[in-house]
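Both complexes below contain chain A, partnered by chain B and then by chain C.
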Partner chain A sequence: MSLTAPVDLGLALLLLGLAVWVIAASATYRAAEGFIAYGLVLALVWVRLGSVDVALTEAALGSGLTGLLLLRAAARLPPADPAERARPAKGVRVLAGLLCAVVTAGLAAVVLLLPEPAPTLAPAAAASLPATGVGNPVTGVLLAYRAVDTLGESIVLVLALIGLWSLAPDAAWGGRPGALTTAPAGSALRFLAQVLPPFGILVGIHLLWVGADHPGGKFQGATVLAAMWVLVIIAGLRRPPPVTSRATRWLVVVGSLIFVGIGAAGIWLAEAFLAYPDGLAKPLILAIEAALTLSVAVILGLLLAGPPEAERPTERRS
Partner chain B sequence: MMPVQDIFTVAAVTLGSLFFLAGTVGLLRFPDTLTRLHALTKADNLGLGLVVLGLLPQVSSPLGWIGLIAVWLLALLAGATVGQLVAGAVRPPDGTPAQRGNPPA
Partner chain C sequence: MSEATLFGLCGAALVGLGLYGLICHPGALRKILAFNLIGSGVFLLFGIVARRGAASGFGGDPVPQALVITGLVVAFAATALAVALVLRLAQTSGRTGLDPERPGQPEGTRRTES
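Coming up: the complex of A and B.
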């Protein structure tokens, strides 16, 4: 323990330093870069805390995918002129600082004043885990105990995609998302996009499959799958599908549909919405996870690909 | 007395860490983007390779070996590609240095 203390202290200081950097960075692009590094260090912190599931999600979604979204947003924003930047009045800034300090102090007090031992449902969750048939308690919580939360999340993603698509101007409706195909790709990137996807797809499916018993799961696997798709799009090997493509829309909703369908079947077969019949919990959870992985991967890829754009005559043919 | 494989692990991982250190120093100290890239990709590839090599004796299952080596190969692929991309961004294909202050090649 004494050997790892300097590492933990270094990680904590690095994390705090990066957080300050993200807030203090004057340029949006630099702040986005700092946010990516912050997410990666945070993933390491989660590993040190023993939460490998959270670490994987943070690295894939929090740092990688969100970072790419932020970088793209920063690239599309007009460059900020420091002279024109509106600076709030001093009183407002002092007030904001005070409020932030109060919130931080409150959070610190809550954490530091926890009774010893801290209240936890972990033993109860672990005790009932065999009934679900899965060995990873995180998957058990996400898809058995709190399946309704996960269902909500999967539907929120569909809504997010609808929200993004609704930003398209009328003339562009029916076109293909164009945010990822901005510049012709060099040969190095095309090579990577040809070599990497088979391995990436394998890793994504592996993450989904081991998620039943080990750290991993649908969101982590789906993010890797989406990353491979996005890589192929950025390299110009394939174009994203038009938003009116019926097959794409089915892929977007199939995860939520199967989740709702199995959940509704539970009303008759297991006496409650989202309850699984005895002995069928594990295959049903696997079916939901597989369908959700597909949908989440497609949705994440389409979110990164941006709203549809009108077809340009100079665009490369696929 | 440590077993031979532990001594090997300590030696290889230490050597690998030194390459990471050298790569980081190069990243911070070298004058322009291309030399910094050189320091980063070369040293990281070798450093990670040595760390992976050092960890191999600590893994008992063949699947674990394949996993470790796959991590290194994927990092090699990613590092080489990103190096090309960054170099291409600062140096357009016609060979004229885009950056001011670049020494002539």
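Coming up: the complex of A and C.
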């Protein structure tokens, strides 16, 4: 038994404890707070599993931005009336508990009976990595071997934003997103929003740049950039752009457009959609990553900012 | 027990916990939280598959890792959309749950911010 075993056990117990807290907490905002802590512990677990790329994404996106989203939503929702707060009958809860225990037992059995030796694509990924010019195998998978997944994902993000905007009442269309600007910010928050973004933007660009060879990449970098933008919006230093702004819409789609454009060019230049010509893989991957970072950052920020609202800032405080 | 097995069992427990919350919590926002727990449990199962596939000098199989990163981003987008739907539901009907049998508060008396 190595020295790290107690650490792993402690992390696992902490993770499960926080998960129980998220489910059992009485108030929704407490559950959301628990979820943020849960996400940070989960990021540590990912580090222990050797997936630093995933750990960065989990800490920034799974814990940070998702936590912010849920906290704001918990603050804006009306308190549930007692009739809605009633839990299902005891029999239903016991049945649900049994069902969930069966599901967990099934998954645990799968975990314990995983094939030995474990199947892996790591040698295949390593074999062709030099041809792509990137050193980080995860970036290689995201942008070379499985680029079509990443392309689909960048389009899913655009669709999610369209879906979110389409929830706006007719009267509010053309307005600015209002979910992040509900209360006047204190001076400490405004100060933080002036000091932190220059460093945050550097960190975001650094994460993008080192992602080619080390843990990091466009999603992690874009999340940090989006967080900086959201901080500035929450502090009231800048307002989110109106949804009819043409410049914003171009920023939202430019990543996917460049990705599709380079992918389509591959049909003629490299004989397949999303294939890169020899020797040009690295510059093309970097171009796609840079454009996607910009688009993903803008989309994440706009997803947090919510659907447009009518320009009556005092209405919601009545 | 290796760390992969330990955290794999952890992921299995998270899926069960999240499923319980999804079924038993009446509040829509709590259901979203529970659903995110299920998602992270599933991602963790991917993580141990990646860890067990460590080879060629990598700390883990990069393919499942890349899938999890893609999944995390999509999960965030889906959560943002779901939260917006819940907020809109509360705005139009005053309800915070999904049970259509229970009427919400009338439009004029509800509080939209706490």
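Everything below uses one rule, namely that the second predicted complex is superposed on the first by the 305 of 318 C-alpha atoms of A that agree within 3 Å, B and C clash if a C-alpha of one lies under 4 Å from a C-alpha of the other, contacts with A are read in each partner's own complex, and residues count from 1 in each chain.
By definition in this document, a residue touches a chain if its C-beta (ideal position, glycine included) is under 8 Å from a C-beta of that chain, and two chains touch if they have at least 3 such contacts.
Only a predicted model underlies this, so the values are computations on that prediction, with no experimental measurement involved.
Participant: Name the contact category of A:196: first (chain B only), second (chain C only), both, or neither.
Facilitator: Touch partner of A:196: chain B, not chain C.
Participant: Given the touch rule stated above, what does A:186 touch, chain B (first), chain C (second), both, or neither?
Facilitator: Once the two structures are laid over each other on A, A:186 reaches chain B alone.
Participant: Can you list the residues on chain C that touch chain A in the complex?
Facilitator: Result: residues 3-21, 23-27, 29-30, 32-34, 36-37, 40, 43-45, 47-63, 65-70, 72-81, 83-88, 90, 94-97, 99, 102, 105, 110-114 of chain C touch chain A.
Participant: Inside the complex, what are the residues of chain A that reach chain C?
Facilitator: Within the complex, chain A touches chain C at residues 4-5, 8-9, 12, 15-16, 19-20, 22-23, 28, 31-32, 35, 38-39, 42, 45-46, 48-54, 57-58, 61-62, 65-66, 69-70, 73-81, 83-88, 92-93, 96-97, 99-101, 103-105, 107-108, 110-112, 114, 118-123, 125-126, 137-138, 140-142, 145-146, 149-150, 153, 156-157, 160-161, 163-164, 167, 179, 182, 217, 219, 296, 299-300, 303-304, 306-307, 316-317.
Participant: For the complex, which residues does chain B have touching chain A?
Facilitator: Listed in rising order, the residues are 70, 74, 77-78, 80-81, 84-85, 88.
Participant: For a test of understanding, state which residues of chain A touch chain B in their complex under the given definition.
Facilitator: My answer: residues 186, 188-189, 191-192, 195-196, 199.
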